[in-house]
Amino acid sequence: MPHIQITMLKGRTIEQKRKIAERITDAMVEDAKTAKEGVIITILEVEREDYAHGGVLMADKK
Amino acid sequence: MPHIQITMLKGRTIEQKRKIAERITDAMVEDAKTAKEGVIITILEVEREDYAHGGVLMADKK
Amino acid sequence: MPHIQITMLKGRTIEQKRKIAERITDAMVEDAKTAKEGVIITILEVEREDYAHGGVLMADKK
Amino acid sequence: MPHIQITMLKGRTIEQKRKIAERITDAMVEDAKTAKEGVIITILEVEREDYAHGGVLMADKK
Amino acid sequence: MPHIQITMLKGRTIEQKRKIAERITDAMVEDAKTAKEGVIITILEVEREDYAHGGVLMADKK
Amino acid sequence: MPHIQITMLKGRTIEQKRKIAERITDAMVEDAKTAKEGVIITILEVEREDYAHGGVLMADKK
């Protein structure tokens, strides 16, 4: 009955999100032995100015 | 002094959010015995393609 | 189908948690019009040295 | 460069966590097209009294 | 290798976010002794109707 | 009135946490122009088997 919260940069298509949801759910069911119906995934999409790595905003990279 | 993070589908009115905030705060004050001023609630609203249950995006349900 | 994450100081009894879970779920069902079975609540309990308010750890208060 | 936070009941072995981390990372790399080195996964393990579904603590189920 | 999730009201400029990311990263490197490249910061911006304090939405304050 | 959630490996001293809380709060006050009393920081400490980077658990590194 896990909850998975994904925080990532905006821009993935619904088809990409569909596959991610399927594969993460399968991993939780097969490896964590949880019931499929209990897996909840939420995706928090953020802008490039709302994600920093090593002290630098993604908006400022390159 | 609890922090409550609610992740839910977009679409509730401000009146609904107002009631949810009041009732959750009351529950924390009366049952968790916390100071009212210390209760912080944040609502993260997500699209139907950003919420999956049982491996299926809400956008694909029905 | 909301997910509610509660972060609070360690120390509540199971009876307190039971009431909090019931009341928050009722609020989500009655005010956010979500299905009862879809409400997931997780409680993250933290030590007094892992919670700060106004720049001061709870462990250092008073 | 996604961050994935998994909240689940305590009790999985390190071997199970290893597989979950690998599979979720692979899904993010192959389907979200992110760099492998950018995938961060954190697992928050909670007790059965800290996880509720449908208003009932897991500790009170069955 | 910490992950820092900031939830705050919408409205800061990219310049403000840049400084916040730099300063929080510096604090984690200097005080938590973590590698700079390992610090990930995500900012979740919320509307005034999605943030409550003391049971009152920010949108309803004053 | 921001909430900052830090997820990091277990092992920092209370003195380190004290400094982190002070510095992050100062950054939020000075750069995000928020009231000091409104800054809430929570630290979620995880084991090395509960943190993965690039698909590998920290417990398996080196």
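Note that the chains take the letters A, B, C, D, E and F in the order they are written out, and that residue 1 is the start of every chain.
The working rule: a residue touches a chain if its C-beta (ideal position, glycine included) is under 8 Å from a C-beta of that chain, and two chains touch if they have at least 3 such contacts.
Note that this is a predicted model, so its numbers are computed, not measured.
Of the two chain pairs considered here, A-C and E-F, the higher C-beta contact count falls to E-F. Legend: contact pairs of C-D compared by residue number with D-E, D-F or B-F; the interface matching in over half of them is D-F. In terms of their C-alpha centroids, the spacing between chain A and chain D amounts to 11 Å. Note: centroid distance chain B to chain D, computed from Cα atoms, is 21 Å. Chain contacts: chain E has residues 1, 3, 5, 7, 26, 38, 40, 42, 44, 51, 53 touching two or more partner chains.
Those chain pairs judged to touch are A-B, A-C, A-D, A-E, B-C, B-E, B-F, C-D, C-F, D-E, D-F, E-F.
Residue ranges on chain A touching chain D, taken from their complex, read 1-9, 12, 16, 19-20, 23-24, 26-28, 31-34, 38, 51, 53, 58. Of all residues in chain C, only 1, 3, 5, 40, 42 touch chain A in the complex they form.
Those residues of chain A lying in contact with chain E across their complex are 7, 44, 46, 49-57, 59-60.
In the complex of the two chains, the chain B residues touching chain E come out as 5, 14, 17-18, 21-22, 25-26, 36-45.
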